[in-house]
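Given below, in the form of C-alpha cells, are the structures.
Common to both upcoming complexes is subunit A, partnered first by subunit B, then by subunit C.
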Partner chain A sequence: MAQILSPLPGTFYRSPSPDQPPFKADGDAVAVGEVIGLIEVMKSFHEVRSDVAGSGLRFVTDNEDPVMAGAVLAEVS
Partner chain B sequence: MIRKLLVANRGEIAVRILRAAKDLGMATVAVHSEADRDSLHVQLADEAVCIGPPAAKKSYLSVAAILKAAEETGADAIHPGYGFLAENADFADAVVAAGLIWVGPSGEAIRLMGDKVSARSAAHAAGVPVVPGSMGRVKDIAEARQILMDTGFPVMIKAAAGGGGRGIRIAGDLAEFEAAFPQAAAEALAAFGDGGLYMEKVIGNARHIEVQVLGDGVDAIHCFERECSLQRRRQKVWEEAPSLALSPRQRDELCASAVRLARAVNYSGAGTIEYLFDDATGRFHFIEMNTRIQVEHPVTEMITGIDLVAEGLRIAGGEALRIRQAEVQVKGHAIEVRLNAEDPAKGFAPFPGTVEALRIPGGPGVRFESMLYAGYTVPPFYDSLLAKLVVHAETRAAAIQRLTRALGETRIDGIRTTKPLFLALAADPEVQAGRFHTRWLEGWLDRNAGRLTPEPDP
Partner chain C sequence: MAVKVVTPGLSTTVQDLGRPGYYHLGIPLSGGMDRFALRAANMLVGNDEGAAVLEAVFLGPELEFTSAATVAVTGGELPPKLNGEERATWEAFPVKSGDRLSFGFLKAGARAYVAVSGGIDVPLTLGSRSTYTLGALGGHEGRALKAGDELPLGQGKGSKGAIPANLRRQPGNPAELRMLPGLYRHRITAEAGKRFLADTWKVAPEADRIGYRFKGGTALDFVPREQPFGAGSNPSNIVDACYPYGSIQVPGGTEPIVLHRDAVSGGGYMMLGCVISADMDLIGQLQPHAPARFTEVTMEQALAARHDRQAALGRVRAHLGL
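What follows is the complex of A and B.
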C-alpha cells in the first residue's frame, strides 16, 4: 500500500473548482504525475500530483479538510 | 457609545482594531477559528470565542457563528475589519437587524458601491470623473460602436458579472473589437450565466491614487491621498502618502471629488475612493470605492495624525464627525511596505511556518503593525500578510532612508518574507525618483527577481 502525501500545509480540495467534478474518485486508477487534488496555501493553489501508480485510489482526507505538510491524502493499492 | 466591541476578523487588522477600542475604553471580544487559538488577537482581547474550523467559510465568513458570539458575550457592536465580511451588505444588515451597532457604512451604501455599474453611475452623478466607457451594460454592437467614439483604443471589454480580473478582453483596434465583442458575450454567458458586457478605455501606465474619506452619514471630509502604484498581480505591496505625481491643484480637485461622492452616498465611517491617474494627461478617473478600513490606512494616519480606526468607532457609536476639513493637515511623508510570508526568490511562493526569533524595528518615525510574536506559527489557511512596516519622515527621501534602516533592524527568523524586495526597491533609482505606474513592478521583477535572495539563517 503506497501513500500520497501533502507536499504543503493548507486546505485540500478534490476538484479544480467547487462546480466541477473531483479530479479522481475512490477506486480510480492513478498514474505517476496525475493530479489528484489541490492544496490552497495562503490563497494560492498548488496541484498535488501522484508520485506512485496503482489501480485502487482511496482518499483518506476529505474535500476542504485542513492538512499539514506530510499528511496522508490518499492511499493507492 | 459602544461599550463592548466584537472584532470579526483576525491577523494584524484584528490587533489594530482591538488596540483602538481599548484606547477608547471599550471592552473587547475576539473571535477565532480553531487554527487561530494561539493568535495575538485572541491574547489581546478581553474575551475570545471560537467560531469554527480553520476554513474561513466555516468560521470568519459564518454570519450565524459571529452573531451568536456577539449574543453570548453581550457585545453591542461589530467591526468587520477588511476582507472576510467587511464588504458584505447582507452581513451589515444582519448586524443591525440583531440590534447591534455596525462599524461601517450602511448596507445600502455597501451595496451601491459594491456593484461596479451602480458605483460608476453614482460617481458620474456626483461629478467624479470616471474612466471613459459605457454607463452600464452595452445593449449591442451598434451602441458599442458609439461608445468607441468616446473611449478610443485600446479598449477593455468586461463581463458585467465578472470580477477579480476574470472576463476581461482588450481590443487594440476596430477589427479586433468587432471580433472580440461577440466572443466576449458568449464567454460571459458560459462562464457567469450572464452575457452582459460593459466597456472601458484602457489607461496605459497609470498611477493608482486613492483618497481616504471619513463620513458620519451626513457630512464627510477627506484625509488626502495615498499612492499605491507598486503592485504585483494587482496586489499593493508599497503604499505612500502624499503622492509625488499630483500638483496642488490636481490634489485639491481629486480630494474634493472624493468628498462629493462620500456625501452623495451618505457615507459613514472610514472609506477609500480609488482612482487611476494618468501622468500623460494629468487627469484622474474613478475606479471603485472600498467601503471599509484599508490595509494601508496607517500611511494616512502618519501624515495627518488622525487615528482613522478610532474615529470610525466614535462615529459608529453615534458621534458626529469631530474633525473639520481645515484641521486636516499633511506633515511629512509616510511609506508602508507589506511584509508577507512569501519567498521572493521563488516566485513569491507562500511560506507559512513558525517564527523562531523576532526583532521588531523601532525608533523615531517607525510603526510596526503585526500579529507576530516569537514562537507564533503562521497558519496556512489565510492570507500571507505578516506585518506592515510604516515609516514617517520630513521628506520622501528621508522616509526611504528610514525604511532601509528599519528593514535592516527587522528580523523574522524561520519564515521567508518579502523583506528583500523592499530593500531592493528602496535602493532603486526609479523608486527613489517616484517614476512608476501600476505595471512597473512586474517588469522590474522580471529583471531583478534573481537578486531577491533571503538573508542567511542565523
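What follows is the complex of A and C.
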C-alpha cells in the first residue's frame, strides 16, 4: 500500500473548482504524475501529483480539510 | 562562488534584517519573518548576523553549490538533506562544490532560514538585500527564486557549532501573541474586546509575508457612530491612517490581520492594537490552521519582553563563543 502525501500545509480540495467533479474518485486508477487534488495556501492553489501508480485509489483526507505537510491524502493499492 | 537553484520551493526569497527607513514612502521593512532564526543561522556559519540568507516557506528549495562553504538551516523544522543524507537543523555543516541541498517535509513551524558562509551577495537596494516581492524590489531581481537562478556568495570564513533546543523558541499550542491595545480600540464594545482575547483563532491559509489573517473567532461588535467624513461606511472603516508593523486590523470586524514584514503602510481599517515586537518572530512560524490567542500587555511588559528577546540572542552568542 503506497501513500500520497501532502507536500504543503493548507486546505485540501479534491476538485479544480466547486462546480466541477473531483479529479479522482475512490477506486479509480492513478498514474505517476496525475493530479489528485489541490492544496490552497498563501492565496494560491498548488496541484498535488501522485508519485506512485496503482489501481485502487482511496482518499483518507476529505475535501476542504486542513492538512499539515506530510499528511496522508490518499492510499493507493 | 554561487548557489544554483535547482527547484525553488513554494516561495523562497533572499532576506536579511530588512529595510527600515522608507515605510513613510510605502516601502515596508521586509526582511526575515523570524529574525531570531535568521540571526542564529548567520551566527552558525560565521557571518554577520544581518547577512542575507534564504527564507523558505513550507516547502524547501533544492540548491547546488559551486564552491565549498558552510551551511546552517534554522527556523521551522524543515529537515535538510545533503546529497540525500539528512542533516540536523540549527547546526552548521560543510558543503563541497557540486553538493546538493534538498529538504524533507516540514515537520514544525513554517519558515526555514538557510544561511551560507559569506552570505547571499545580491546587490543592496535601499540599504538592504531583502526581497519585497509585491514591489519587485531587492533580493534576486525583486522576486522569489526560480529554477535556474544563480545567487552569488560573499567571502566567508565558515564556522562550527549547534544551537540546542533550549536556546531556541517555538510557538506554543495555541500560540500566545501578546498585544498592546491601541488607537481604535474604542470602536468596539467592551464585551467584544473581552471575546477577542478569550477566543482561540486559527491562521487562515492566505496568511503571508504581508499579513497574517486569523479566523474562527467571534465577529466584533462596534460602538455605533456617525460616519466621519473620509471614512468608509463599514463600522470597521476609519479615516485613512498609518498602519504600524504588527498592527491588528479587523476588516468588517470578522477576521483580524496582523501586518508583518511586507506590510502595506496605511489604509482605512480600524486597528485594535499591535502585536509586540518580541512576538512577531512567532507569527512567522505559524502554519495555516495553527491556533493562536491574543493577550493584552502594558507598554512596560512589552519593553520587558523585548529585553528578554535580546537576552535570548545574547545567550546564543555566548553559547557559540561570539
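The rule we apply is simple: the second predicted complex is superposed on the first by the 77 of 77 C-alpha atoms of A that agree within 3 Å, B and C clash if a C-alpha of one lies under 4 Å from a C-alpha of the other, contacts with A are read in each partner's own complex, and residues count from 1 in each chain.
Throughout what follows, contacts are C-beta pairs under 8 Å (C-beta built on N, C-alpha and C of every residue); 3 or more make two chains touch, one makes a residue touch a chain.
Keep in mind that what you see is a predicted model, and the values were worked out from it rather than measured.
K.L.:
For A:Lys43 in the superposed arrangement: first (subunit B), second (subunit C), both or neither?
P.N.:
Touch status of A:Lys43: both partners.
K.L.:
Could you say whether A:Glu64 touches subunit B, subunit C, both of them, or neither, answering first, second, both or neither?
P.N.:
Only subunit B; A:Glu64 stays clear of subunit C.
K.L.:
Look at A:Pro7 in the shared chain and tell me whether it touches subunit B only, subunit C only, both, or neither; answer first, second, both or neither.
P.N.:
In the superposition, A:Pro7 contacts subunit C only.
K.L.:
One more residue to check, A:Val35. First (subunit B), second (subunit C), both or neither?
P.N.:
neither
K.L.:
Is it subunit B or subunit C that touches the larger share of residues in subunit A?
P.N.:
Larger number of subunit A residues touched: C.
K.L.:
If I apply the document's touch criterion, which positions on subunit A are contacted by subunit B in one structure and by subunit C in the other?
P.N.:
Subunit A residues touching both partners: 8-11, 40-43, 66.
K.L.:
In their shared complex, at which residues does subunit C touch subunit A?
P.N.:
10-11, 57-59, 105-107, 110, 205-208, 287-289
K.L.:
Using the touch definition from the top, list the residues of subunit B that touch subunit A in their complex.
P.N.:
Contact set of subunit B toward subunit A: 35, 53-55, 57, 341-342, 349-350, 352, 379-384.
K.L.:
List the residues on subunit A that touch subunit C in their complex, please.
P.N.:
Residues of subunit A touching subunit C: 5, 7-11, 40-43, 46, 66, 68-70.
K.L.:
Okay, in this complex, where on subunit A does subunit B touch?
P.N.:
So the residues of subunit A in touch with subunit B come to 8-11, 40-44, 64, 66.
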